[in-house]
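Okay, so chain A shows up in both of these, paired with chain B first and chain C after.
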Partner chain A sequence: MLERPHVTVKPSDAEAGRKATAGLARRILGVRELLLVGVIVVAGLLMTALTPYFLTWGNIESMIIGMAPTAIIVVGMTIVLVSGGLDLSVGSVMALSGTLAGLLMLRGTPIWLSILLVLAAGAVVGAINGLVITALRVNPLIATLGMLTIARGIAMVITQGFTVTGLPEPFAYLGQGVLAGVPPMLWIMAAIVAAGDLAMRSMRYMRPVYYVGGNERAALLSGIKVDQVKVATYVLSAVLSAVAGILLASRLMAGTPTAGVGLELTAIAAAVIGGASLLGGEGTVLGGFLGAVFMSIIGNAMIILGISIYWQGIVSGVILILVVSLDMLLRTRRL
Partner chain B sequence: MPERATADDILLSVSGLTKTFPGTVALDRVDFEVRRGEIHALLGANGAGKTTLMMVLSGIYQPDGGRVLVGGREVRLQGAHHAQQLGIGTVFQELSLVPGLSIAENVFLGRLPTSALDLVDWHALRRLAAALLSRVGLAVDPATPVRALSPALRQLVEIAKALSLRPAVLLFDEPTSALSRREADRLFGTMRDLRADGLGLVFITHRMREVFQVADRVTILRDGRRVGTFPAGELTPDRVVVLMVGRELPPEAAADRHEPGGPLLTVSDLAAPGLAGVTFEVRRGEILGVTGLPGSGREALGRALFGLAAWDGGRAELAGRPLRPRSPAEAIAQGIGYLPPDRKDAGLFLRMSVRDNIIVTRLAQTSRLGMMRWGEAAAVAGEFVDTLRIRATSTSQIVGELSGGTQQKVLVARWLAVRPQLLIAEDPTVGIDVGTRVEVHGLLRRLAAQGSAVLLISADLAEVVAVADRVLVLADGRVVAERAAAGTSEEELLALASAPPATGAARAST
Partner chain C sequence: MHSRLVRDRARTPVLAAAGLALLAAGYLLGAASAPGPAVQAAPSGELYVYLANVTQVPFWIDQKRALEAAGKYLGVRTEFTGPTTADAQAEAAALDQIIARRPAGIMVFPPDSKTLIPGINRAVDSGIPVITMIGDVPDSKRFTHIGIDNYKAGEEGARVLAATIGGRGKVVVGTFQAAGVLDRMRGYKDYLAKHYPGIQVVGVVDDHADPAYAPQAYAAAISAHPDLAGIGGTDGDSGAGAARAVIEAKKKGAIKIVAMDRNEDMLNYIQDGTITAAIAQKSYMETWLAVNLLYWLHHNIGPAQMLPDWKAAKIDPLPLDVDTGIMVITRDNVRQFRHATK
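Up next, the complex of A and B:
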């Protein structure tokens, strides 16, 4: 019986004894990604056994295309979570970006310029999030909740609630064209995940994110420009949301102001399943991506198996709570 | 050990107590007893098993072997609550109070007296709490929220809370680590009163002075084993150190003091929150001690020099360049390092590796083309782990798993890794065992010997006298005295720090 004492006790002498166990726990947590890969494979095998439709290229491709915007957003969400923050505005920013891109193109703005302008708009939104949180000291939950409704509101105002259609034909290339066998958006997703993971693991300018999330005051006293790091994470998150919005608009050839409602929660869930902690300081981009893959397999499975779409929310919620409780259980057992 | 006490006087005793964690034996067949009306000090280096023993006694850890007798009857402690019911109370180092609630509510948390209809009987609560507060010598209205109390007073509330369960034995885990000397003395007064009431008190401390000040008996642990239990009167500080570390320590003599070089830092009329115009100079190769009572400006000086507080006035030069940092990053860029006093809150990244904790100050130097060079990072960290004898299994071990003294060495390594021109070390050995303390002092000396300077800001007068070359005494935000460490004493420094301001002009401006 190793129940947690209800008081915080300074562990000092006991720590020597914990070394071995905690080392083991860390190695297990270190292979969180492997664990997820295993779970994904098992889920895949199970589905293959249950239905012949699952393991077909058509199904797999549509599944990956469907999850691509989410996966890109999860990359940004993971980074924000590692810094100890939270970004609830991602879904709205994605919708705003898609509609804004569409409207710009309808006005005759060149496609490349429209994309650049939308990415810049994303950066501005992220910078506002970051500055409200750092300069005005507003809690990230509140600041980005505000931005969630503001960005959605702007998308609604500029479109009057209508979906933007009639986009120029070449714009469809990103989401519907073919590059080395698959739509370019999948390569973009792969590149962002790979670059994001590498950056968080080894890039000198991204490592401070872990320090800030791990102990903000210690980071400050170690010479890390904490506020700059925080603003940068929100800018990254918003720009990645803008990328997701552009790709989704290209795929659908439409800018939908109601796209991505509730996506922030899916993204947080995926990042947390992938090992990020809401306390900050922990998580990897690869883990977050695998979390997104796992959740999208579950969604896909339910569709193929003909389970009512209304059940999806219940199932993903249960899975999220199960995974995180299992994780907490494993950690407290070992520590 | 001779057992002269009658069975009736032994409130709590354990024999052959063993507690293992995978890979380590934290307690190895330890015998220990607490008698009626004694204050029993529990000593040992970090990792010796003191806290583990206390956790077993308070019912939080289950022992793997051995017997526990409470009042002569063998028991199996089933958890903290069970231990409390059996009369074993614990006052934890990190406090378990709810800041927003009143003192009275905290003392009776979960056991509020009720009247008819199960409503809280506020009058009874107040009366009961007031009685307990007077017993611990706390003259504060029980309705005061805990938030309004200093750490020292919160500690007394903790004791009142433990006493509310009418314990026979009271365990204290490092009760004085967050207290000033005066506050600690007051706590000891309370402990003596409780002893007079017949309680048996056990306390862990790292401060030698306290052992001889209050303890009746002393039990020393080393590497999970009991070295022995001694009447305090039969021990000397030197003897205790030898028993704790198992070897003679090199004396903390000023043997390797040497002539300091030219001026490194000159500060004139520095005014900032808590500082009312401070002027001094630090030379290369020098350790300048800074001491004073809490609120004297001791901590404010470190904060101002490290860019944590805005300056209201004054000038400073570091190595010939004007110094007025507006952030720690700016201070670091100018060659200043800072060891904060609260190493867990402000120093360490507890969930990160030893390597990450050491290289945080030199991310730029340990990367090329924007990418970290992990091989080099591990090599740098590994070098410090070796030379500072940091007790970690590897550089990838999580810092939170290390003992307090080892953690402090990791923090020192972080700054040695960038070799700052000036290292501000604030209370660098609080809560650290004597062996590691000597090592940390040696590291500060070595840094000075390499041509840097150290500003040793400390409330520990023994430390200042032993380690510094020169000592500044602050009071009311000003320098009130300067002494060569070789020509002063703890007593003189304390007198200087406590003396009323010589002139009316020296009032604090805050």
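Up next, the complex of A and C:
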């Protein structure tokens, strides 16, 4: 954005006051998460009015548990989108991670080591994504689309299509245990979302991600190591997908190679609802998380309200377009 | 300009490193992987192909095992193939490609009763016998159909679920949107409507055949119906999904589950009683039978000897339809259903 040319004329007090108010208002309306929180509150109120079964602790808890792996993946997806990239391989990496963890544990590998190895494998997958995109200059959509099929394929090969069961009992703690009232998985999700959001908002270290996504050429010319930043975002996205896969495997006590087909589209939708731009340079982790919450509510609502399964796709698609359009309208007003 | 030159020159070592990394990863994964079926090192070039759709789900494990075993037994090559989605057009295209390879016989799990009519007829006219599996294309020139009608499988499930919940109460039916599975769902609903007026189907849940999504779908249905008595599943992922949801809602025992197919992850739930029973097809037998029937036709033995020349007589020597029935998995026999993994 071009800066307005400086005019050396001192503003009067009244003018200064008006500028300050306009600035404040701008900043509040600029908190786009507010819009999403508003939409979620409205959706929640609507659902509560329509049915007594929505606002029950059982339903809320099952919604949050169900969305935890997705929310974790959305954190990584948001960061990749902000950098101007796209990662379609997240669902497959999640499935691969769960099955790999299961197989390692079945072989007798200690649980903690299995988890570490799977996270490392996730990092390798992310690095491959990043290198294919930066060094080989393959379009991110194509590169991660390829990884989507490859990772899923690897999961199928190592399991021969079987679900991996018979995991050691202690592993269930993450997804099924109780820590301060809820499964540890939820605390892990909260920690990842909080850490991700704080990092993107305040760490100077993460600023380059926005610059790379906003204007790659300018970022490159200003000395930012664009390729390194990009590879880092893909590594992060894949590692978070691995975390999601491990937690899911713990909840199901099974490594399922068919898990999460299409999850990447849900994650992208959630991130975009939360404010991320597919062109890069914009988006917050908190927004992505709220987007995931919103989509989870919609999915939950359709089942509780008994909407026909044949109509559910239409309904969720229309709502998705409406919410993003609303956001687009508000954006143009702000400009 | 300079940076681009530098980047281009950097490509080769990066490419080499990436290639090595992939090789290393492949080796490591090979070491960690389950022993797969040996590639069909067949003495003969004879090939029998099983074409299906949604091919990545565990439902096909028994078909693949039977194909392999029949191949070894008869000394022929077998193959299992098809699109990973419920895509009728993709399956029709795959069928054409298979015909071009001139196999000795084709088994096909059709996406519906119409799309593959031209393809099947082309195959038969060119001398390749075709058997339809677990779903028929009656208006085609297929030689026989082997399997259970999906609608009837749904009826069986409904029968067992009704017995399990004592003939009355509210139930939810779980499914996903593939033609055969929807047939099972319809069989479920129709059977209950016809025979059990005291049972109310209060909802149909689409679990997307995704083990990651299924639990929250069933959990939502449980939230919406606090007095739910039972959940009937019509696809392989409904069992474990419903079981997970019932356990997390702390309603194990209060909500009875009757599942379908024999996915590995649901067997533990049958063992511990969360799932009362599962309805499974005799997939192994269906496939074994199909390969052998095709083999007999190709080698002119068995039923093919019914007439001196069945082709000239324009007679189909095979049965019109083979109804393979279902088997019920319960706590008593669940051990037998565990596939040996690794």
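Rule of thumb we're sticking to: the second predicted complex is superposed on the first by the 295 of 335 C-alpha atoms of A that agree within 3 Å, B and C clash if a C-alpha of one lies under 4 Å from a C-alpha of the other, contacts with A are read in each partner's own complex, and residues count from 1 in each chain.
By our rule, a contact is a pair of C-beta atoms (placed from the backbone, for glycine too) under 8 Å apart; a residue touches a chain by one contact, two chains touch by 3 or more.
This is a predicted model, so every value here is computed, not measured.
Visitor: Check whether A:Ile319 is in contact with chain B, with chain C, with both or with neither, and answer first, second, both or neither.
Guide: A:Ile319 sits against neither chain B nor chain C.
Visitor: For A:Ala172, select first, second, both or neither according to whether it touches chain B, chain C, the two together, or no partner.
Guide: neither
Visitor: Specify the partner with more touching residues on chain A, choosing between chain B and chain C.
Guide: Looking at chain B versus chain C, the one contacting more residues of chain A is C.
Visitor: Looking at A:Lys225 after the superposition, I want to know if it touches chain B, chain C, both of them or none. Which is it: first, second, both, neither?
Guide: first
Visitor: Look at A:Leu278 in the shared chain and tell me whether it touches chain B only, chain C only, both, or neither; answer first, second, both or neither.
Guide: Touch status of A:Leu278: no partner.
Visitor: Figure out whether A:Arg217 sits in contact with chain B (first) or chain C (second), or with both, or with neither.
Guide: first
Visitor: Contact-wise, after the overlay, does A:Tyr205 reach chain B, chain C, both or neither (first, second, both, neither)?
Guide: In the superposed model, A:Tyr205 contacts chain B only, not chain C.
Visitor: Report, in rising order, the residues of chain A that make contact with chain B in one complex and with chain C in the other.
Guide: The overlap between the chain B and chain C interfaces on chain A comprises residues 220.
Visitor: Going by the contact rule set out above, which residues of chain A touch chain B in the complex?
Guide: Its residues touching chain B are 1-3, 5-24, 26, 202-205, 207-208, 210-211, 214-215, 217-225, 281-282.
Visitor: Chain C touches which residues of chain A in the complex?
Guide: 51, 53-54, 56, 58-59, 61-63, 65-67, 69, 94-95, 100, 103-104, 106-107, 124, 128, 131-132, 135-136, 152, 154, 156-166, 220, 248, 251-254, 256-263, 296, 299-300, 303-306, 308-310, 312
Visitor: Per the contact definition, I'd like the list of chain B residues that touch chain A in the complex.
Guide: 19-26, 44, 46-53, 55, 60-62, 79-80, 92-94, 96, 173-174, 306, 308, 327-329, 331-333, 338, 340, 345-352, 356, 360-361, 363-364, 367, 370-372, 374, 393, 397-398, 400-404, 414
Visitor: Using the touch rule from the top, collect the residues of chain C that touch chain A in their complex.
Guide: 3, 7, 10-11, 14-15, 18, 21-22, 25, 29, 32-34, 36-37, 56-58, 60-61, 64, 175, 177, 202-206, 208-213, 215-217, 219-226, 237, 240, 244-245, 248-249, 263-265, 267-268, 339, 341-342
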